[in-house]
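Chain naming follows the written order as A, B and C, and within any one chain the residues start at number 1.
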Amino acid sequence: MAERRLILMAGMLALGCAAFLLWNLRAPMGFILSLRATKLAALLIVGAATGAATVLFQTVAGNRLITPGIVGFDALFVFLQTMLVLALGGAGYAALPVLPAFLIETACLAGAGMALFGLLLRRGAGDLVRLVLSGLILGVMLRGLSGFAQRLLEPSEFAVVQQASFASFGAVDHVQLFIAAPLLGLALLVAWRLSPRLDLALLGRDKAITLGLDFDRLVLGVLGLIAMMVAVSTALVGPVTFLGLLAAALAQALLRRLDHAALLPAAAGLGALILVTGQFLFERILGFQSTLAVIVEFLGGLVFLALVLRRTAR
Amino acid sequence: MRLSLVLIFVLLVGASLGIGVADLSSVDVDAGLLLAISRWPRTAAALLAGAGLALAGVVVQLTVQNRLVEPGLTGTPEAAMIGLLGITLFAPGAPILIKMAVAALAALAGTLGFLALARHVPRRDPVLLPLVGLVYGGILGAAALWGAWITDLMQYLGTWTAGEFSGVLRGRYELLWLVAGLGVLLWRAADRITILGLGEAQARSLGLDYRQTLVLGLGIVSLTVAVVVVTVGALPFVGLVVPNIVSRLRGDNLRANLGPIALSGGAAVLAADMVGRLVRFPYEIPAGTVFAVAGAGVFLWLLHAPRREGRAHG
Amino acid sequence: MIEIETLSVERDHAPVLHDLSLALPAGGLTALIGPNGAGKSSLLLTLAGLIAPRAGRVRLDGEDIHAMRPQARALRLAFLGQEQAQVSRLTVREMVGFGRWPHHRGRPGPADRAAVAGALALFGLGELAERPVSSLSGGQRQRTQIAMAHAQATPLVLLDEPLSALDPRYAREVMEALVAMAHDPAAPRGVVVVLHDLGMAARYADHVVAMKHGRLVAAGPRREVMRDAVLSALFDTGLKLREVEGAQVVLPA
């Protein structure tokens, strides 16, 4: 049953991609096609990364309500990037080769994220809501600090950072795509290989440890993977807080199962599907520009509230 | 305690009047005119906005019986912005008082919406409510953003979201004096609102007209927030940080605390504005950004500080 | 005298009280007992006028409770619910003082201050009067709440499980304070209290009302209701009351 639904979803995704590429295609075909393909690739990568990262984060946090975005992971990325620009100067930053710069940023995010959330998660799932709120406020603070730092930048440097602070599916860098795709592929593969252990982790820290799982090491590793995925997606288009929540919640509703071997690909696929069809509808059919991110945030927020209320009703 | 607070307050006001690009002691500056047109209005605006938001914060906290909530976490400013967008769109020439009345009504509707939501959030976990409020505000904010986007009013929205005082001149801030009037109203209703904080059952069995008091309190909150958003823009965390600190030092009797809360709120925002003016002199950083960073820090401390209730009242 | 006439109450669209008729005496300590979900708290909330009945009515000395203005009702009855507000940093004296609010509506006079002082003394809170409620132990907080209800100086006091979360010493102190309140020679009051602890009901209550599934099982003087057969049927498990060293205890049968 679940397999059939997964296949159905994959089929819809393929259909969405085809529509995105071929709808209303005019001359010069080659040029437009390559333009669209770049955009499509970015949408697919961001959607998949965000969906999978959210499932992973929900599992290690033991809660189905939170996303890396809610607890300030992507704010952390923007902050790190701002700091990098501030330290190196706009020219120095621009002079950095893209690949090492990207890898350094990802590594910094992974390190900082692991330190921060490893520390907070250590306090246990009982204190989870406090963790989430801390993360949220931390996100506000980091965004404020980034805003603060951005005021200290020269206007030219500011433009470098600004792209990272607002979600935009408009402009995507080619080179970044070529780095992002294999990195994400790798992260997804590793996460998928961890599926059985993640299933066990769902039982909670104490139970999982008595069943022989090195829970804390798993959490640290998974936080590293999440940091990588968030870095990939934030570097490409900027922060999207609730897309992951939408994808993860839909994946569970679709599968009615919690095993990660199915859940991870489903969430990744749904994340991509939401973005591709959303962008297709908004850009091609309705003619809106750049509003998709706002709509996704709006709907994702509604899903969050519905989940909270349904959980408390039980 | 009271004396030192007043002393700090006077010092801050004096310093604020002295700080600016133009040197007051210089010969070619008409010091009196500068003070009257720019420095004093700016100082007064910061004081009034800070006092109003701090008072609004304590009222919201008593109303929903949760210390971690403030008007910025109940969707109030976002709702006010939606109201402002609406009136700007349909009656761009409307006088400022009408615009503000619409904003206040929208803010009240948004706050009541949060209250309806809050009824379904369990009390056991005090941290859940601000989380829900943040997301609720986020949804309203996304709606405002989207509305501004499709109506080309983004620029307006920008001035409402980031609280700053650099644009305050004589003739552009006087609306804020409404806050002083609301303060008097609040003083008259202080006991009722304290009783509200004891819970609905308790308040009703003491013979309080629960709904009427609720609407009165939230009406004051909404009007205050609307005035502040219209004149200087939203300032997050003021209503959270100030009342919590005052309550830790002086207990929960609203009537006795009204003065200290208003004074410290005004002083805190004025200090934030001055930091913003000084850090990158002669350029400015919005007071809202400064306060977001500092306030988030204090909030995190409140969230994780060990409980020392007994000693706090020394 | 509280007369409950064919009272039916719904909460969240589910019926919780069915066609209940009952008369409670005006004085003394009345205990409401019954298994979980019996509708005890709902009955108390209805008596306090905090939830409106779907059918039937409640009369206090002949007057319909739900037709009274809130202000007038607050002078006739005090209510202490289970739901605790956020722990307040009001001082004990301020908190108890708010019990006088229905009398002065914001302008306390000497009589109000005297009533607060009396309530503080009666519940042994004199030493704690200037401490914030948030710094008190659970038992002290509960006593503060009860002192507040006492200061309200109403002929009727309703309490919903005031002993929950109290250790035995405080539970006993609170019960003895309630008995004192009910039999205060200067101003005797009717005290109606929901109790989970059957031993407490057997020891301290003058009257007992037993409920189950939203219906009345038995009501009357303690001796009539607190019997092995009634209790066993009420809780669907064998129970017996025995006197041990002068105190009533409930044992499994």
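The rule we apply is simple: contacts are C-beta pairs under 8 Å (C-beta built on N, C-alpha and C of every residue); 3 or more make two chains touch, one makes a residue touch a chain.
Here is each chain with its UniProt name: A = Enterobactin ABC transporter permease; B = Iron ABC transporter permease; C = ABC transporter ATP-binding protein.
Note that this is a predicted model, so its numbers are computed, not measured.
Undergrad: Which of line, ring, star, complete or other matches the graph of chains that touch?
TA: It is a line, because the chains touch in a row without closing up.
Undergrad: When the mean CA coordinate of each chain is compared with the mean CA coordinate of the whole protein, which chain is closest?
TA: Going by the distance between chain centres and the overall C-alpha centre, it is B.
Undergrad: Approximately how many whole Å separate the CA-defined centres of chain A and chain B (Iron ABC transporter permease)?
TA: Taking the average C-alpha coordinate of chain A and of chain B (Iron ABC transporter permease), the gap between them is 33 Å.
Undergrad: Could you work out how far the Cα centre of chain A sits from that of chain C, in whole Å?
TA: Measuring from centre to centre gives 54 Å for this pair.
Undergrad: Measuring from the mean C-alpha position of chain B (Iron ABC transporter permease) to the mean C-alpha position of chain C, what distance in angstrom results?
TA: Distance between chain centres: 41 Å.
Undergrad: Can you check the complex and tell me which residues of chain B (Iron ABC transporter permease) touch chain A?
TA: On the chain B (Iron ABC transporter permease) side, the touching residues are 68, 117, 120-122, 125, 127-128, 130-132, 134-136, 138-139, 142-143, 145-146, 149-150, 236, 280, 283, 285, 289-290, 292-293, 296-297, 299-300, 303-304.
Undergrad: Residues of chain C touching chain B (Iron ABC transporter permease) in their complex?
TA: Those residues of chain C that touch chain B (Iron ABC transporter permease) are 45, 48-50, 70-75, 77-79, 81, 83-91, 94, 98-99, 101-102, 106, 131-132, 134-135, 152.
Undergrad: Within the complex, which stretch of chain B (Iron ABC transporter permease) touches chain C?
TA: Per the stated touch rule, the residues are 65-67, 123, 126, 191-192, 194-195, 197-199, 201-202, 204-210, 247-248, 251-253, 309-310, 312-313.
Undergrad: Sort out for me which residues of chain A touch chain B (Iron ABC transporter permease) in the complex.
TA: 129-130, 132-134, 136-138, 140-141, 143-145, 147-148, 151-152, 241, 288, 290-291, 294-295, 297-298, 301-302, 304-305, 308-309, 312-313
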